[in-house]
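Input: one structure, supplied below.
Order as written gives the chain letters A, B, C and D; numbering starts at 1 within each chain.
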Amino acid sequence: MREITYAQALNEAMSEEMRADKNIIFMGEDVGVYGGAFGVSRGMFEEFGPERVMDTPISELAITGCAAGASMTGLITIVEIMFSDFMTLAMEQLVNQAAKNRFQFGGQGSVPMVLRAPGGSGTGAAEQHSQSLEAWVAHVPGLKVVIPSTPYDAKGLLKTSIRDPNPVVFLEQKLLYRTKGPVPEIGDDYTIPLGKADIKREGKDVTIITYGRMVPRSLKVAEDLAKEGIDIEVVDIRSLVPLDKETLIKSAKKTGKVLVVHEACQTGGFGGELVSVVVDSDAFFYLDAPVRRLGGLDVPIPYNPNLEAQVVPTEEKITAAVKDLL
Amino acid sequence: MREITYAQALNEAMSEEMRADKNIIFMGEDVGVYGGAFGVSRGMFEEFGPERVMDTPISELAITGCAAGASMTGLITIVEIMFSDFMTLAMEQLVNQAAKNRFQFGGQGSVPMVLRAPGGSGTGAAEQHSQSLEAWVAHVPGLKVVIPSTPYDAKGLLKTSIRDPNPVVFLEQKLLYRTKGPVPEIGDDYTIPLGKADIKREGKDVTIITYGRMVPRSLKVAEDLAKEGIDIEVVDIRSLVPLDKETLIKSAKKTGKVLVVHEACQTGGFGGELVSVVVDSDAFFYLDAPVRRLGGLDVPIPYNPNLEAQVVPTEEKITAAVKDLL
Amino acid sequence: MKLSKEKHKELYLKMMQTRRFEETAARLFVEGKVHGTAHFCIGEEATGVGVCSALEVEDYILQTHRGHNQGIGKNMDINRMMAEFRGKETGYCKGKGGCMHIADFSVGSLGANGVVGGGIPIATGAALKQKYNKEKNITVCFFGDGASNEGAFHESLNLAAAWKLPVLFVCTNNQYGMSTSTKISMAINDISIRAAGYGMKGINLDGNDVVNIYNETVKAKKYILENGPMLMVLETYRWMGHSKSDAQLYRTKEEVNEWKEKCPIKRHREFLLAEGILTEAEIDALDKQAEEDIKRAVDFAENSPEPKIEDIFDDVYA
Amino acid sequence: MKLSKEKHKELYLKMMQTRRFEETAARLFVEGKVHGTAHFCIGEEATGVGVCSALEVEDYILQTHRGHNQGIGKNMDINRMMAEFRGKETGYCKGKGGCMHIADFSVGSLGANGVVGGGIPIATGAALKQKYNKEKNITVCFFGDGASNEGAFHESLNLAAAWKLPVLFVCTNNQYGMSTSTKISMAINDISIRAAGYGMKGINLDGNDVVNIYNETVKAKKYILENGPMLMVLETYRWMGHSKSDAQLYRTKEEVNEWKEKCPIKRHREFLLAEGILTEAEIDALDKQAEEDIKRAVDFAENSPEPKIEDIFDDVYA
């Protein structure tokens, strides 16, 4: 299969869906000629024109609400927030309006929109451009939350998200944009259902439950530890909401040892939900060690590259945590 | 000891601190002559005047940032957000600025502010006025998060929060405002440290870890089940950040059975953190049942009173969950 | 523009229905039949009724928390409004939303909002869709004077102006945001001047003159379809407290009474008689009809079933 | 007002230091000595330098992500600025903040901001404290044209006007927000007209005339202490790309070159010579000093230690 980048995969997902459906529009800050801060939408303005690929003023609250309003009335809107940190400015429209409208209006209307935003550290952009805020949106009924870890998943999950009749918060990973992976040919229309975890590596000794950029990192650790005879199963949840509890529980029962890994600050992170899902299930009786969490340190993301690299789970830390479980 | 309401206790905490320190100011929507949407600040405008008790325009983002700026430069600011749901409009200033400034400026300055906001359902105010969003702020390094369950705790914890050199998100409980409880005389200056859980009821069979308005409800269940010979320990964490892990773990070891209860939607709620703290400790080896969570249903808070009452943990649900553990 | 007799009847009836609806709702609170709160627009009936009566079904409106006049103006079903207020299964939101979320997509209401200014960004999106589909209709967004101090107002008006979206922004300036006078919350006297900051046309009208509001809205729609968005500020006054619980210490009885003199319904009635457009009898008949419509709505709501907890997960997701 | 020879030297030197600082920073990127990004204000030096040179230590400033001219204008230590840019322990933020967060409370800088418009609400608070303590100083808040479309701008200017807070809002209009021209992001030509919507005075100045900016700031401070806040829009232009990576497809070389002709430093230099305020030799000496100051800063940063992970929890909480 051909190999393309995560960014290219996202571009193809949007472009293919927009070719197929004239009701889909795309808006965001500098998504037009500039192609988006991370180049994800390069070429789309040229192909679809200013009516469908719209550069917006720097107004996160209004463009999120604008997307919700357009989607409530018949369009399908993709809105890009340049950095997920700036969702902090859009939470009112996302949480009180987009997420709740269908419910609070007694089922009138729906809000088929996708809010795309890149999260994560590692680019030297520091405290206000590097947060991982998925736990916030995963706590809001009415929203779906997706975080892909490979180009293949990125394309398949984004297509599904665009076709979903609900607001979907699609959190991309800055450090994965340039990573390459196998993806079917353009136009070869495949999708990946939300709520279906993917076992990225089968193993029998320990289960690592993770998502986003911690997936490739966990896989790397798994390969290294395989040499030491430690057989790790890496489960990529892919969507936080809906969450594929069955797959997590099944894997936990199989290995009896679970490590949850994510980049977001550990305290209050989504890891707590994942741990709870496991220990509040019959898997509890199969566990022969405490369920471990390994999240980012509870500090803002610092600027200095060495510091920045060490406040999130490193291969070393993941390796140590795994060995700790054995 | 005299009995006063939770609202009155908060009023006394602010008033006593403001009498003692001219550098403390208080701002919010309709906190002046109106006395605040829930009457918490009644009389304060008359006592402290318009320079210190300020009615603001309806501008949650600006007033939160204004509070942060005033606090960064020498004042101590208490800002009231009328309903915690509207923190959705203030997250940028609270999370990217107030919470991170000291760290990202390398220790220059600090932000001694308290953001007060009422959370919770039960008043018939529906989807956009009834959320419990404590999990969001508890996930942000740099913020402290407090939720009192009694008038005594409310006064003691708010005084401590006002004296804390960091931004504290002080989440009040609408349905507790009118509840009464014993509180020392005015001027009898007591405080309660943040990060100290309070065992509201000792017991040996099951531990209920909870906070806010679920505390009195859990206590009621405990009293009822005591008649059936079930001895429940009710632990009120009081502050989510800092969190008193020791007390939780100690209680879990003692009873071997843990139920975590909160009103917020269960998925992504702070309960996941509490469960994880327990199962990722040596308490794990003392547990003889899965650690249960009982949170609100994953739905927006509906308007109809019957529906509204049933989407959060009721006495019946808590009772059932406890029995389930035995 | 001279209005037809029928149109005058419609305006008068809708205002009177709104007045009776709210008086009745207020009574239901006293009777303990409703929990929660409500925000009444008594004294402001001309705003929503005048504007919405000039619209077509295909024109959208975004309502406020104080929007019974807006909903009735847009021809919502009073029975279902009352049923929602009572939290009943037959209500517009199946009892899940209450009167802060009343919506009727079938008549073009995209919903009331519990968040001050919360509907303003949504309005730009609805208008964007109308423009994208080259529809000949507009979106009307209602909000209050207090909402005009929210960032949502600024970002949305700027976006609408930059993109020439067909939105009529209607600011009902009832002089207060809850207890806070506009004299305290802003340093300007006329909110319509804010339009200039977006390169938008702004006008300021007497918010108690239903006929003029209707006519200006007809003109505004035409202007907007040709030139882009516009801000219309309607000067009016809230007679009752902000919500159920309000001691109103922030204003004087005199001020309230002065404005009661300017009652929009009384004024329209006198106009109709003076101009000989309707007779006393005809108007009395409309008064009577309003009474009956509300009575019917109360009975409908009273006899409607409560929503069932079994259905609670419906509509969380589509 | 005629400026002293010393003040002219100060203005010229600070602009030149800023220019060299950024040219050097750009080179350090190429050399791979810095990761992350940076936003350069080359071409805009007169704005931050002209405004800040008219302030006292007790006046606060809120800087932007493009604020090296603002920091140098407010007399920040160039060594510590460069060290922070390099992420070193000796930097203003101990290497934790980087150039988007450079701050120096000791000279009155409450920090640069990575969030567009993020400093605007903070400025109202700093000014509120100054007013509360009856200080005779003001807070200057810098932000860009793009930031003026954020809700934070609206809410903060309204709040400042309603409370008569001593804030000078300085909008550096460099014609673009990243790739988006103000012609696209708003439907007005002069951002200063937005001030009227808050009952605030607004002025629009040539952002490349450092002397006039200095003089107008002196006047503005006096005005603000007597009358309340003011909005000052400075028309200028960004010569380089928005940040490290920018193909600049959204503008023409011609447009860029036109503006380069209006270089604020060249202009000040020619003015100084024409007016006989400084001689060629004196100016060359200032150029040389700027070079040396930056060289010294580079060495200082180069020889400074990296921050230690052991200290990572410092300053999360006070």
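Of note:
Just so we're on the same page, contacts are C-beta pairs under 8 Å (C-beta built on N, C-alpha and C of every residue); 3 or more make two chains touch, one makes a residue touch a chain.
This one's a predicted model, so the numbers in the text were calculated from it and none came from an experiment.
Counted as hops between touching chains, the shortest connection from subunit C to subunit D is 1. Shared contact partners of subunit B and subunit D, listed by label: A, C.
Computed centre separation for the pair subunit A/subunit C is 40 angstrom, with centres defined by C-alpha atoms.
Between the CA-based centres of subunit A and subunit D the separation comes to 36 Å, rounded to the whole angstrom.
In this assembly, the C-alpha centroid of subunit A lies 30 Å from the C-alpha centroid of subunit B. Among all residues of subunit D, those that touch two or more other chains are 93, 95-97, 101, 113-115, 118, 149-152, 155, 158, 162, 184-186, 316.
Shown for subunit B are the residues in touch with two or more other chains, namely 56-57, 59, 61-62, 85-86, 89, 92, 96, 103-104, 126-128, 141-142, 298-300, 302. The touch graph of the protein chains shown is complete. Residues 149-155, 158, 161-162, 164, 184-188, 193-194, 196-200, 228 of subunit C are the ones touching subunit D in the complex. Looking at the complex, you find that subunit D touches subunit B at residues 60, 91-97, 101, 103-105, 110-111, 113-115, 118, 120-130, 132-133, 151-152, 155-156, 158-159, 162-163, 314-318. Those residues of subunit C that touch subunit B in the complex are listed here as 34-37, 84, 87-88, 93, 95-98, 100-101, 113-118, 146-147, 149-151, 177-180, 184-186, 246, 249-250, 306-307, 309, 312-313, 316. By the touch rule above, subunit B contacts subunit D in their complex via residues 25, 51, 54, 56-57, 59, 61-75, 77, 92-93, 96-97, 101-112, 141-142, 144, 165-166.
Residues of subunit B that touch subunit A in their complex: 61, 85-86, 88-89, 91-92, 95-96, 99-100, 103-104, 126-128, 133, 135-136, 138-142, 240-241, 243, 264-265, 267-276, 279-282, 284-285, 289-293, 298-300, 302.
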